[in-house]
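Just passing along the structure, written as structure tokens.
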Amino acid sequence: MSKLVFLVPLFPLLGFLVNGLGRKSMSKSLVSVVGSGAILASFVVSLLLFFDVKANGGAVSTLFNFIDVDGFKIPFAFQVDQLSSLFLLIITGIGFLIHLYSSAYMHEEEPQHFGRYFAYLNLFVFSMLLLVMGANYVIMFIGWEGVGLCSYLLIGFWFKNNNYNYAARKAFVMNRIGDLGFLLAVFWLLFKLGTATYGEVFTAANLAKLSSFDITAITMLLFVGAMGKSAQIPLYTWLPDAMAGPTPVSALIHAATMVTAGIYMIARSNILYTMAPATQTLVAVIGLATAIFAATIALKQNDIKKVLAYSTVSQLGYMFLGLGVGAYTGAVFHVMTHAFFKALLFLGAGSVIHAMHHEQDIRKMGGLKKHMPVTHLTFLLACLAIAGIPPFSGFFSKDEILTASYGVSPLYYYIGVAGALMTAFYMFRLYTLTFLGKFRGTHEQEHHVHESRWQMTVPLIVLAILSVVGGLVGIPEVFAEHAHSLEHFLAPIFAESAKMAEHHHLEASQEYLMMGGSTLAIIIMIVFAVNRYKKYQATEAENAGVSKLLENKWYIDELYDAVIVNPLNALAGFFKNIIEKSGIDGLVNGVGRMVSYGSRQLRLLQSGQVGNYILIMVLAMVVFFLIWFNDNTIVQLFNKLF
Amino acid sequence: MPIQYYIYFCLTLFSIGIVGVLTRRNAIVVFMCVELMLNAVNLLLVAFSKMHHQVGLGADGAASQAGIDGQLFVFFIMVVAAAEVSVGLAIIVMMYRNTHSVDINFLNRLKN
Amino acid sequence: MSTTEILFFFLSALAVFCAVMVLVSKNPVHSILWLIMVFMAISGHYVLMNAQFLAIVNLIVYAGAIMVLFLFVIMLMNPNTETEPRKHIWMKFAGVISGGCFLLMLVSLTRQAVEMGGRNVMMSGGNIGLIKNLGKALFSDYVVPFEITSVLFLSAMVGAVVIGKK
Amino acid sequence: MIPVFLILIPLVAGLVSFFLKEAKTAKAWSLFASLVILAVAVTGIFFLHGANLFYDVPWLSEMGSRFSLLTDGMGKMLLLLTTISFPVIFIATYHNDYKNPGSFYGLMLLAQAGLIGVFVAGDALLFYFFWELALIPVYFLCSLWGGEKRIAVTFKFFIYTFIGSLLMLVGILYLYYQTPDHSFALQSFYNLKLSIGSERFIFWLFFIAFAIKMPVFPFHTWQPDAYEQSPTSVTMVMSGVMVKMGIFAAIRWLLPIFPNASLQFANIIIILSVTGMLYASLIAIRQDDIKRLIAYSSIAHIGLMCAAIFANNKTGMEGVMIQMFNHGVNVIGLWIVADTIEQRLGTRKFSELGGLAQKAPALAILLVVMSFANIALPLTNAFVGEFLMFNGLFRYNIWMAAAAGVSVILAAVYTLNMVQKVLYGNTVERTANATEISGNVKWILVVLVIIVIALGVYPQPMIDMTKDTVHAILYNR
Amino acid sequence: MNAIIVSALLGVVMMFSGIFTKNRSTYTAIAVAGLVLLLAANLLNTYGIYVLHIDTHSLLSFEQFGMFFNSIAIAATLIYVLLSGKAIEKMGVNVADHYALIFFVLCGVSILSSFNGLLMLFLGIEIMSIPLYILTGADKRNLKSNEASLKYFLMGAFSTGIMLMGITLIYGGTGSFTLGIDKSLSSGGLIPRTSFLEIAGMILLFVSMCFKVSAAPFHFWTPDVYDGAPGVFTSFMATIVKAAGFIAFIRLFDQHTLGLGVTWKLLLGFVIVATLLIGNITAVFQQSVKRMLAYSSIAQAGFMMFALYAGNDMAKEGILLYASAYCLATIGIFSVLIKMKDYTFDGFNGLAKTQPVLALATTICLLSLAGIPLTAGFFAKYYMLAAVVKTGSSLGLVVIAVLFAAVSVYYYFRVIQAMYFKEGEAEAEDVTTPYKIGLLLLAGFIILTGIFPSIILNWFYF
């Protein structure tokens, strides 16, 4: 079976090449067929692999030696095990749906840009696959930066608009900052162990070689990488700006797959983290903080995609909370469910935007329920899922994380729940403003609003189904023994950590209580939100105070500019204009100027007067005699000097 | 007569010549001072030759020719001096023809 | 104090005095005359040291020919028209000072020359100064340089001609 | 025998080219010659072994210098770089017109001869000869065909380099007299056992020469001006191949001869290099001129190489080896783009450019790939080199590695800034009616891109090629 | 010996040739023939064949070194006459006499290359100098020329006085006029410091030699004289004469540099640094190429002093190589310079357009002077530096020297820049094809020597 592995990334790569090179000649339909077909093909292969893994465990298949120096050896190898196969499914599956969706969504583009779009998208899937399939950190890093590249290209897809380009650059650079951490961690591993292959790093023998400081440092650095990729505090600001890209892209890259790479990476190296409690605490705290912080911002955003973006950041925070408290399964579980419903939300938003002719401000929407029923229904389901209403998928995954975090510290739990409440609030604020109430847009908009084509609705429906039933793979133990099939599936990956981490099981009664309580609170919050915004008018008072602060995202971007960007620019200018020109180059030229000045002075010695010449000669002779008499002292002087 | 006397005396003459070269501006006088230096040298040479001659006499009898080379050298110096004078005066005269002056301070077309 | 010594000191004093006069006298003609006096004194020294040949040659060549040549040149460009204008005083000063330093250096150096201690100049004895011996030596050992000086004179002659020609 | 051919062919071809008056013939001739050289080099490197790659005849026997050429792994790779880059340059600039082209191409070929000589010289005096021989033609090229400030700038560059090489000459002489058998041979230099004192002194004589050539901060100020002023094809030679002379020399003529000194001063030099990286990257952020930007970015890259050399471990050294080649390819690619833009639009300022991606998509794609190669994105060749070099630097000192890593982030900033300003956004009046790039440029860039990707995906051959050298340098002390 | 006799006779011949013919190019022809003859005679001498046997009473000693230098000097003169014969003919009315004087100078040179003892040194220097005073003033109508010759003469006479005083003191100290084979030195040990007179004498002698080879701070006559003298004769003075001065210098002091120990090195080092400094730095700002070359000749002298400083066999070889390289290059440049209308740097602007051959040859000569590899000049400098490094000490001095060499590049390349990179209409008069060919041959030889210096050196080893 493992000889099929290389096919998985191969198909998207081929799709990329075909679409990229033939983008001028091929028709749109052909392009979309190729693009989506490639992903579909690798989805099929992934399915085969998945069942293969389910049946008889993971396997590593090496293609060739990527780098082989005598410091270390890095094979270009793929590792397909429970974790990666699960991600394969998510990536290719959702990827396919989004490709399908895009073929309709992007239909207005000129052929060659259409082709370019699909090429990028395929390339992204390819890199993402490298990321999750790589059998060592270097291959993962290749995919890691590859997805960064694609996100850069796709955010800046409409490159005529310079703001989009800036957003793209911001995303790439911020990712780069994280990547540096990742890279240093890899160097550290290579330095200490001489290998970066999971199979070798995670052996007890090698782990024993690492001092606890090493492990803490490595995990910290890896986590820095994760911050960049998965948009955690302080490196999260690029994600909201990344919404400049086409909506399907946001759905695929900035919701479902790429941003979860950080979670994947930490889950992949879970053992290291379990061995580094300090880092775990950090991860948990950062995650939680991000979750709350992003949620607060999301409360007051008016751009439909921005809301979703911040909610993504917040949900990612939950996942890191899960990782931090050692609920690796929960984190991965949440990745999966979140992929379903967040992709669904974005696609829904996309279909709305598409219908509204690229109007993204929810204050100008409303009452779309009757115009586009499918979108509305699926969107509602997704909202329920993310809000965490049982038995939708979000409930199970989020609950699992929160429960685990309660085990570590109740404080985590309460803050987490608070975040969940906010989630429920802003999601239903969004839902209400968009679909309920009466239409607040212009007339021709209202006239044109229509349900989208099948290529767009089918993915919506599929995803809706998934986000409704997706949670059932992870039913908590309290409901039924061994019901948590995901946990059993992933058990081999986290076995080691599970051994190390101590398990604190809650009383079933208390767990029921927590579930019930949180659910109740959420429902109340939903009702409140719906009522609050049902009667919303475009003419509402300007925000003030805290809400203004929230609307402006706590002014974090401005803060970064003031603290980091501008000083750096100033420094660069100082170097360029002062140090370089006057300082170093000035010094170099100064030598030359000194020479010519000396020349101008020395030639005055040549006065043209024979008398002076002879005078100098005589004096020189006198000096010679002096030298001759005092030779010893002079020699000693020289010896002192040199 | 101790040799030091001659040494100091000739060195004095020599230095006077140098001082003359340095202080006078008339090319001819400067040249004369050079001649003065040469004469000081001649005298010193003769003195030395006589000095060495005495040593020679002490060493190998009355037939000794020691120190004679010194006097011959003086002879050659005179010869050379004569030649130099002829050329030098010719040059000075030529100079005088073109610029009606022999003042060396006016020799400053070439400088720097 | 023997006569030689008296003569020595007298001639030396005379020579130095005249040499100084050469420097200080404004008129070039006077300088020449003073210079002739110096040469006379030096010839006297030669006689003292029994270097007869050189004494005579010195008189004939220097005091006679060369100085006359100078004299002619001076006459040729009658110096009365241009009385030598002042040279910068500091230039004179510097000249004297540096010349003095030079003298000082050489003297102090020869004072350290201990091997000169007690060496005497043979006065009025020895025969190397006589024309006979000098002639022998000149045409036996020193014939090559003697011939070579002819080249010197040739070049000097040619030079004088080249320069002198209108 | 092969090295002799490699030196002789360009030499003769160059001399012939001086007599070619017609532009067409000169171009064709030099292109043909360079292709022949490439062919010879490839044959020599890949198909011939042993004695064919060495050559040794008495030359200045009374001075103990021999005309001895040798080719080790590093030499092979740099030969490959040199011989590839020249045809590439000739093709890419095929449509540029120079006044009296015969001399231009002649000097180019002479420069190539000198460069090749430097890379194969196995005798210190010979090495010095070629070192200068490579410099002189470049001096004339820049001063004759350069920009308006060319004379002063090039002269600065020349004097700067000349001082360095003279100091090196003194060092060479000193070593020569230290050798028991009074010979300039590389091997007898390697066998030297110097007193630490003299090592300390002579080390700097050599290092300054190489540092100026590389150039390492703070000896770099000649470089941006020179790159900006000289004709782009010459700039390609300078930054693509010539700067490698410094690195190459530091590896072959510095480390093995002064092992103790190079260990002792490693910290100073690495600090210098890393400072230079950050410094150059920051300045590059503020540049508005494509050429100057590339110049500064290449200073940053060279700084990393220099640091990795002195990190004194095989990983870093391996990285330097392959990065020498990769940097050559990438920077030449960037220069080609810069040149086409300048030729077509008559400006190099970002502020006057924009929106080229709409007008010249091919150019856009190629430039983007080259830029990402420049910032060492994985699966491009530069990644492998920098990965190894950072690794080596990390082994030397983690903080240095981290600091150097910051410059990678900055690299992303300025490179993407360039890409965005040049390609994206809306067209401005200069670029309003720009057209797609001409075929020769396009295809040569495609070739380069293929090299970039190929070496990025499968760098192992390069690593194997230079393994032996690394071992020899680091362990035969 | 042959050289001395033949050159003297040839001088006489040239004198009288002035009577029989008035055709100027005939003089050149005769001179060339004479030089060939002279060269042949000298080569015969080197192989031990004499025209007539004369017992010099060990006043002259004909060592291979000196003979070989003679050949170089004569050959250089030959090249010089061939290249700038035309210019010599143009100079003044009495061309024959000028040639005669040149031959007399050669006679002096060959005495200096074989003197043994201070008497012959003195005579040689005078024989060499007196004709030069005349040649300097050869351009009688030109005030600069007059001034130059008067200055040269006065200072020359003064330095003669200094030298004689030195000789006298040495004689007083040692009782002999032979310096080279001094009893106190034959042991190779230090000079007994008791003989202060000799030391004083040697310092004065050293000073006067420094004057002759124009080493700072006794160089002051050089720029003025070289600038004022007619270009043709400047090139003769700056090359052959100066080289001869160095040969004399080295033959005079070579054993002594070992004997006199550290103080000697101190003095020499002082002089060398001063010379390099003044020569190079002052040349930078000059506007006239001729004057620049004068200063550059001072700078080159600074390099040649290294031969004295090192004082080993390598230095002797080196000085020969240096002399030939320096003479060739300078003669070439001057032969171009005296054809130019305008001696300033701007006068060379755009020469590469109007006279590519001249420009090329000049460039090669300049590169050789600057000591760029692949030219003879490189090995010249190389040998000097190597000789010093060989002594194992004073590496710092060498570093200083190379730094100044870099400075020298600055002013040499100004000419190249003017010729190639600047726009202008440089004019050169009567550039004939044979002249061009000769120039190219010269340049070619310089390059050849730069690649295989053994061409010259192997002669030395016969």
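A, B, C, D and E label the chains in the order they appear, each numbered from 1.
To be clear about the criterion, a contact is a pair of C-beta atoms (placed from the backbone, for glycine too) under 8 Å apart; a residue touches a chain by one contact, two chains touch by 3 or more.
A quick note: this is a predicted structure, and the numbers were derived from the prediction, not measured.
Here the chain-to-chain distance from chain A to chain C, counted in touching steps, is 1. Between chain B and chain D, the least number of touching-chain steps is 2.
Top contact pair of chains, counted by C-beta pairs, is B-C.
Taking the mean of all protein C-alpha atoms as the reference point, the chain centroid lying nearest to it belongs to D. Ranking all chains by how far their C-alpha centres lie from the centre of chain C, first place goes to A.
With centres taken as mean Cα positions, chain E sits 32 Å from chain C. A straight line joining the Cα centres of chain A and chain D is 37 Å long. Chain D and chain E, compared by their mean Cα positions, are separated by 43 Å.
For the pair chain C and chain D, the distance between mean C-alpha positions equals 72 Å. For chain E, residues that reach two or more other chains under the stated contact definition are 119, 123, 126, 130, 133-134, 137, 140, 151, 154, 158, 172, 199-200, 223-224, 410. Touching of two or more other chains is recorded for residues 603, 606, 608, 610-611, 614-615, 618, 621, 625 of chain A. Multi-chain contact residues, meaning those touching two or more other chains, do not occur anywhere in chain D.
In summary, the structure contains touching chain pairs A-B, A-C, A-D, A-E, B-C, B-E, C-E, D-E. Residue ranges on chain B touching chain E, taken from their complex, read 3, 7, 14, 17, 21, 27, 30-31, 34, 37-38, 40-41, 44-45, 48-49, 51-52, 55, 66-67, 69-70, 73, 76-77, 80, 83-84, 87-88, 91-92, 94-95, 98-99, 104, 107, 109-111.
Taken in their complex, chain A has these residues touching chain D: 64-72, 112, 138, 141-142, 145-146, 149, 152, 156, 159-160, 162, 165-166, 169, 172-173, 176-177, 180, 183-184, 187-188, 190-191, 568-569, 571-573, 575-576, 579-580, 584-585, 588-589, 592.
Looking at the complex, you find that chain C touches chain B at residues 4-5, 8, 12, 15-16, 19-20, 22-23, 28, 31-32, 35, 38-39, 42, 45-46, 49-51, 53-54, 57-58, 61-62, 65-66, 69-70, 73-74, 76-77, 79, 82, 84-85, 87, 91-92, 94-96, 98-100, 102-103, 106-107, 110-111, 116, 118-123, 126, 128-129, 133-134, 137-138, 142, 145, 149, 152-153, 155-157, 159-160, 163-164.
Against chain C, the residues of chain A that register as touching in their complex are 611, 615, 618-619, 621-622, 625-626, 629.
Per the touch definition, chain A reaches chain B in the complex via residues 603-604, 606-611, 614-615, 618.
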